[in-house]
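Shared between the two complexes below is chain A, which has chain B as its partner in the first and chain C in the second.
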Partner chain A sequence: MGATMSGSGSRRESPDLRVVHPPPQARRKAVPNEVLGMMMFILTELMLFSGFISAFTISKAQAPAWPPPGQPRLPVEATAINTAILLASGAMLWYAGRRFDKVGPAAARVPLATAVALGLGFVTFQGVEWARLLGEGLTMVGSTYGAFFFLIIGFHGLHVMAGATALIWQGTSLWREKLTSDGFWAGRLFWYFVVLVWPALYWKVYL
Partner chain B sequence: MSEAHQIDGHHGHDAHGHHEPTFLEKYIFPLDHKYIGMQYMLTGMVMALFGGFFAYSFRMQLAFPGISVPGFGIVSPTEYNALVTNHGSVMIFWVAMPVLIAAFGNFLIPLMIGADDMVFPKLNRLSYQVFLLSCIVLGISWIVPGGGFGGAWTSYPPLSANGDYSMTPLGSSLWLTAVALEFAAFLIGGINFITTAMNSRAPGMKAKDVPMTVWMICIASIMFMASVGPLIAGAIMLLFDQQLGTGFFDWKRGSDPVLWQHLFWFFGHPEVYVVLLPATGFVAEIITVFARKKLFGYQTILYTAIGTGALSFFVWAHHQFVAGIDPRMANIFTITTVLISIPIAEMMFLYIATLYGGSIRFQTPMLWALGFIFEFLIGGVTGIFLGASGADIYFHDTYFVVAHFHYTFFPIAFIGTFAAATYWFPKMFGRMMNETLGRIHFWGTIIPVNFIFIPLFITGAAGQHRRIYNYNHFPDVSTPDLQTLNIVATVSLVILLCFQTVFLFNFFWSMWRGPKAPANPWKANTLEWQAPSPPPHGNFPPDNMPVVYRGPYEYSVPGREDDYWPQNQPN
Partner chain C sequence: MIVWLLIAADALACATCQDPDPRRSAIYLDMTVFMSLTPLIAFAGGGLWIWQRTRAIR
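And now, the complex of A and B:
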């Protein structure tokens, strides 16, 4: 079939064409599909929150007074306790994952349920604080300060709710003994992201 | 075992032993990556027709102010703004992205790495459905009361943030929603691409055996995911400004409108390279096949792509040189901007080096690939004028800028697509395209495109500002000479659009009536050509999936009878 030999392409050494190579073996996956997909998703989420936080930081730096006079102060101490609740939830889920892999799926049930309960406790606590702040006159349209607070903290709250829903869904498949180790790993990763991004938000927005 | 010869023959098109899918399952809600890719491609083609029509309408207004444009009517100032805005948005977000990344990424990644499908087929289907929804939302934004959004595709506040300024309160929010949906679609798709390319490669395919196209689409997807977050954040803030009355970008309440420009361009500049890299991947594939020569500097090309991708995150503020940023910051961004031309120029030189000494075949895909290099270099060189902050103060927002980025985006979005479409058409549809019509289309596109944009460099350098509806209102920049150049550009655009019918005819006629394509019509090495044309569901016979013995570009190896050496042949 009319092989055209190119002169300059032949500078490297010609391989031995007679050697028959053994067929290569299938590779082991370094990271399971679900986990790798989740890691890419978390990368985007991390950049999303970075976007919010950098916008917040720039706006705060340009404002003459922050928080603006007449606006309510954020509940720093109460939220510190709430931060501890969310971190405990993350630790509990880490423990659930350990039990799942080391002991067996059934052993993960109680720590998973505890982690979800703590996560829902965090959102409820936040909801109560929001109602109080709204009552004190902190709104999205009132000031950029309030707008950023509700935007960033609200967005994180949505993530907590989404993460808790995902964990409840994974819990039901755990009960039906259908939860895979990789799937649970991916679910835990998302929750770790939600938990670990919170201290950064607390530090930037509240303190 | 010689896979290549076995799968040259006919296998039943139901290699997986599945039940025969219904029409609905196969074409409307497919899980097969090839059909999802084609859905993206056809949707992108439809959107390209809209984008082209918009360009035609506002260019007619610029060349012949006040005339009733055939097919559109008299262009009012508001309509003019909406046309310009939606031309830009459609061509970047709804043509370049879906066709270059989503369509070819979906079609090619599993085939090129020897996999039967994407790792998450249902997410893949969801990705297209969200994308289709974004197209519908955008379409609705054109017909709501007040008309489509007219604040430019960059959507700068305060113009975009307030319905009183933009006069399109509904259109601007729908536009923003459509853009956000479109990002969600590509986010889902990108996760799929990267996971598939990492985990589903054929046994034996090491990192340096991966075809350049797959590398480029993966790097582009990672860049997209790393850059899109801040823009989604900004889009939510802008939507709240529009609909809830918050003041994130409202200068009257002490906020900074330039903040949006930073959030937008932090995404917007990497986005240029997100669409560029897949196109360079296609070009790499094509020039090496049609020069019958090994790709020159595979690793260096890979590193230049990664270097370009990394640098592109540090150049965004060159869009804000006149927006009131600190001059010290302008200096830094001038340096990074000029630096980024080094890796990308190096990549182009490596492509030219691949051509050197090859036995070049000037078939249609090769013409497009060479056209890409030529046209893109003009775009790249003119970018240096704009990257230098001193020169940019003069050139900013003139037609020089318009001509510059069209010399980058036209090669990327159209020349790159035509190269890839003509090259992979036999694999996609199992038939060959007509070569003569392909050449007519090539010359009918490549000549007019230069006659559109070279005049615009001149009008821009003469001071014609870009966001002007009718130059007769500005006598000092509407001399008869400049108006002649505008007419040349518009007439060339009409000629270019007319020649696209040749492509559309060739594409759809060949899809059904073209001569049957063999499995490997171009005698290429990569795995997609070792599957039948068109590949069945599952791509390769399940009991005979390909294994990889060598890199993708072993052409004209001395001592071999054939001048190509498929990746899956043991020897």
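And now, the complex of A and C:
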């Protein structure tokens, strides 16, 4: 009672709670949620592929001859060209991201479509090579060599298809002018991972 | 390289797998170090990048 009325009868001012506890304001984030989540996901993916490489290297070291006698040889030269195609896809997506941020979303359409087309070209080429290797007798259950090849390269192929699907979905959002910069950034990060892990796989499995 | 210097020469024979072949035991050790360092480097790199971005917007 005494807290609200002074001795002279005037009403005492209550403290302005809006000053003491200002309403929350949108703060700039150091890393967008989409990008942080994608980074965590990529970290788990990195460990997955590291485990594959480690297991493959140890099995290869234990084998008396590698590739095992009687097994078809992997298409080293042709896959080198395919590696260049995937790297070009990554470079094109980097360019798309740069155009998106510097010029505007519409300027990223052509480079994004080119990056997706190159990625799909990579998968198609892999499919043709797989069909040829299967025809030559390299199967997943036939030998450790074939099992590791189809497991590691197949897993990467699945990632390429998943990444390309995500980029196609982002492309449709871009056309409808609904793609956010942060979402596009997260999608690009995944594709960069898929592109950059491939030379390591090529080096370990093919060479 | 630092990790290699910290490992005693006897350990290079790979106490875990007891493989007497020096080439194979070296590969086992390489893969052990690789699997240990990969998450450390990834976490450290990502953490450093986030820390730098956090400092930049303050």
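One rule holds in what follows: the second predicted complex is superposed on the first by the 179 of 207 C-alpha atoms of A that agree within 3 Å, B and C clash if a C-alpha of one lies under 4 Å from a C-alpha of the other, contacts with A are read in each partner's own complex, and residues count from 1 in each chain.
One rule holds in what follows: a residue touches a chain if its C-beta (ideal position, glycine included) is under 8 Å from a C-beta of that chain, and two chains touch if they have at least 3 such contacts.
Owing to the predicted nature of the structure, the values given are computational and were not obtained by experimental measurement.
**Student:** Please indicate which partner A:Gly37 is in contact with in the superposed arrangement: first for chain B, second for chain C, both, or neither.
**Tutor:** Touch status of A:Gly37: first partner only.
**Student:** Quick check for you: in the superposed arrangement, does A:Arg28 touch first (chain B), second (chain C), both or neither?
**Tutor:** After superposition on chain A, A:Arg28 lies in contact with chain C alone.
**Student:** Report for A:Thr57: first if it touches chain B alone, second if chain C alone, otherwise both or neither.
**Tutor:** A:Thr57 contacts chain C only, not chain B.
**Student:** For A:Leu207 in the superposed arrangement: first (chain B), second (chain C), both or neither?
**Tutor:** A:Leu207: touches no partner chain.
**Student:** According to the contact criterion defined above, which of chain B and chain C contacts more residues of chain A?
**Tutor:** B
**Student:** If we overlay the two complexes on their shared chain A, which of chain B and chain C does A:Glu45 touch? Say first, second, both or neither.
**Tutor:** Only chain B; A:Glu45 stays clear of chain C.
**Student:** Let me test your reading of the model: by the given contact rule, A:Ala147 touches which partner, first (chain B), second (chain C), both or neither?
**Tutor:** Once the two structures are laid over each other on A, A:Ala147 reaches chain B alone.
**Student:** What is the shared patch of chain A, the residues that chain B and chain C both contact?
**Tutor:** Correct list for chain A: 30-31, 36, 43, 46-47, 50-51, 54, 58, 62.
**Student:** For chain A, which residues are in contact with chain B within the complex?
**Tutor:** Interface residues on the chain A side: 1, 3-10, 14-15, 17-21, 23-27, 29-33, 36-37, 40-41, 43-52, 54-55, 58-59, 62-64, 140-141, 143-144, 147-148, 151, 155.
**Student:** Can you check the complex and tell me which residues of chain A touch chain C?
**Tutor:** 28, 30-31, 36, 39, 43, 46-47, 50-51, 53-54, 57-58, 61-62
**Student:** Okay, in this complex, where on chain B does chain A touch?
**Tutor:** On the chain B side, the touching residues are 1, 119-120, 123, 187, 190-192, 194-195, 198-199, 201, 203-204, 222, 225-234, 236-237, 240, 244-248, 253-256, 259, 262-263, 266, 291-294, 356-359, 523, 547-549, 555-563, 570-571.
**Student:** Taking the complex as given, what residues does chain C use to touch chain A?
**Tutor:** 23-24, 27-28, 30-31, 34-35, 38-39, 42-43, 46, 50, 53-54, 56-57
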